[in-house]
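Both complexes below contain chain A, partnered by chain B and then by chain C.
And then the complex of A and B:
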């Protein structure tokens, strides 16, 4: 899996490409923006082909590290395959999920400024 | 225009308790799943795309609705957070919404609309804001309205909250009484207030009082009285001298003999009173006959008839069997393996040869049509291990040993009653799948003579079904 990190209005956008599983989950977990408890992160899942329980665990674990667990990690552009995994595990209730990355960034920025 | 349908689990939590086998969004209202009423309304209001949002799982709904192609619309799915507002929902689905006008239907409520009225121009030209509301549900419009037409025609619309069994019962009865004039309802019928599904068997002395809605694969036996205001689902048997009035009978339900169902909701082995919300559940999935087992002497005429009929079939099909089997074996299209199946005797198993006719060709088609794959089983009828017609043999699995112990009747047969009655296959589910009802009904009620006619029916049905291949 490759992680491409960009930033918009102070919000980190991590674009995941490939498979998020036990093998690639540590790369995600050790990402600097993910570790930073103050930083809001938008995870763009448009090119994420597959996710397993380790991947879900990594994302849930990352959200727990944030100061605001629900708004700290925001998910965007989930495809049907990935969405079904979130549904089966009931993990979709833990996140705000957007179908557009820009809208997710706007939401994260609004939350961050409200917190400040 | 596009439509968003949004639901929260807490709104329909009562459905999980009252009808645990059904996803709340697929709860049937007048034999039509609830979600379809909303999809119909969205289409009438000129929506081309629809997004279904929920904060819980909706795998069953997704399997049922798929991508919406059956309604000619694009249907997609998404998740919401339990405390999302309308504004938040629009933000989270910005890509879906684009710049178009959006209608948001939120909450678990029934929309009272009239398919003959023009909601299209109303939905497109009304100012943004609430269109209709009720406790727990609302229809909201968002985005720039179009130009108001020269001839403004109002189309009344209201919402009815589905917050319990009583309101569900009311909505179902309302849909039935309004009939096909207001809503798109399933079934066929040449007079108003009467809709029938496919494969409905009505005995001569059955009395039907309008309005009624009857689903697919329904058997109404002698002297039953159906209606007024009866909604009978699919795969249902109403046994002799029973009446169903102002009641809803869910799919896969059996109503025994001499029963009077009035103002109730019958679902599987549960009978609910919509007014008080009280329900009683039977111990067995379907109560068909007395618990007392039939004696050996009573089963002798049946076993004898089946053995004679099997002998006739063995003799008649012998030459075709020898020829077809040899030819198919030479071509490598006849594959057989031994599989363990549950025997009629509780907890016991038997080994049966299972033939698979690989690759479709004219020869395999003929062999399947003549039931050659079951020829070997006919000899088991002579030894009394199998009936000629009975239940579909269940593969012997550990968890199923318990199932047959708890099931009222299981009599494995070469042919199954479900094949004779053309009921959908239950895939060997002894606990109460679609076919289990019809199989158990016949096991409890059949006579040697009726068995013979059912054997012929099953053979002919298989012939017609397989010869298409």
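And then the complex of A and C:
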């Protein structure tokens, strides 16, 4: 899996490409924006082909580290295969999920400015 | 008529994708003639994910010094059922584990839940030193 990181209005956008599984989850966990408890992160999943329970666990665990566990990590553009794994594990309850990344970033920015 | 394919792989997470993509390819091959494109994709994804979970469990629960541990993946097709069995020589385990409490933001414990949700039938048995987890789904 590759992680491409960009930033918009102070929000980190991590675009995941490929497979988020037990092999690649450490790369995600060790990302600086993921680790930072104050940093709001949008995960763009448009090019994420596959996720397993290790990937779900990595995202859930990263969310727990955020100052605001629900809302510190926001998800966008997940395909049906990825969405199904979130639904099976019930992990979708822990996240705000958007169909497009721009809306996700706007939402994150609004929440961030409300906290400031 | 039944068909059997067996893979014996090193118990290393590097080989999880090989096992799961083989499962996906076999499932897709079997489903393509009998299902719609969408159904076939769903059937293949179920096996890709279930085999990933089972193989990852085998690797992560291997004793720390088990450098030579192997994991065997067996595919058995008996119309209309595809069964994948994952065998390892780890300690015995149970498949009757409760679902993790999602509100506590758990990082682990989803694997068997996913397998049970995706497959029609999941059977665990102990055969001598071997754990054998069999996962079946019908076309």
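Just so we're on the same page, the second predicted complex is superposed on the first by the 116 of 116 C-alpha atoms of A that agree within 3 Å, B and C clash if a C-alpha of one lies under 4 Å from a C-alpha of the other, contacts with A are read in each partner's own complex, and residues count from 1 in each chain.
Operating definition for what follows: a contact is a pair of C-beta atoms (placed from the backbone, for glycine too) under 8 Å apart; a residue touches a chain by one contact, two chains touch by 3 or more.
Owing to the predicted nature of the structure, the values given are computational and were not obtained by experimental measurement.
S.K.: Under the superposition described at the top, does placing chain B and chain C together on chain A give a clash or a fit?
M.R.: Aligned on chain A, chain B and chain C fit with no clash.
S.K.: Between the C-alpha centres of chain B and chain C, what angle is found at the C-alpha centre of chain A, to the nearest 10 degrees?
M.R.: For this superposed arrangement the angle is about 50 degrees.
S.K.: Counting only touches as set out at the top, which of chain B and chain C does A:93 meet: first, second, both, neither?
M.R.: Both chain B and chain C are touched by A:93.
S.K.: Between chain B (first) and chain C (second), which does A:32 come into contact with in this model arrangement: first, second, both, or neither?
M.R.: In the superposition, A:32 contacts neither chain B nor chain C.
S.K.: With the two structures laid over each other on chain A, which partner does A:64 touch: chain B (first), chain C (second), both, or neither?
M.R.: second
S.K.: Examine A:107 and indicate which partner it touches, taking first as chain B and second as chain C; both and neither are also allowed.
M.R.: first
S.K.: Which partner chains sit in contact with A:83 here, chain B, chain C, both or neither? Use first/second/both/neither.
M.R.: first
S.K.: Once superposed, minimum distance in angstrom between C-alpha atoms of chain B and those of chain C?
M.R.: Across the overlay, chain B reaches chain C at a minimum of 5 Å between C-alpha atoms.
S.K.: Overlap the chain B and chain C contact sets on chain A and report the shared residues.
M.R.: Of chain A, residues 84, 88, 90, 93 contact chain B in one complex and chain C in the other.
S.K.: Across the complex, what residues on chain A touch chain C?
M.R.: Residues in contact with chain C: 19, 21-23, 50, 52-54, 56-58, 60-61, 63-64, 69, 81, 84-85, 88-91, 93-94.
S.K.: Which part of chain C faces chain A closely enough to touch in the complex?
M.R.: For this pair, the touching residues of chain C are 13-14, 16-17, 45, 48-49, 52-53, 56, 59-60, 99-100, 102-103, 105-108, 110-111, 113-114, 117-118.
S.K.: Report the residues of chain A in contact with chain B in the complex, numbered from low to high.
M.R.: Per the touch definition, chain A meets chain B at residues 70, 77, 80, 83-84, 86-88, 90, 92-93, 95-100, 102-103, 106-107.
S.K.: Please give the residue numbers of chain B that touch chain A in the complex, ascending.
M.R.: Touch list, chain B to chain A: 55-59, 77-79, 81-82, 91-96.
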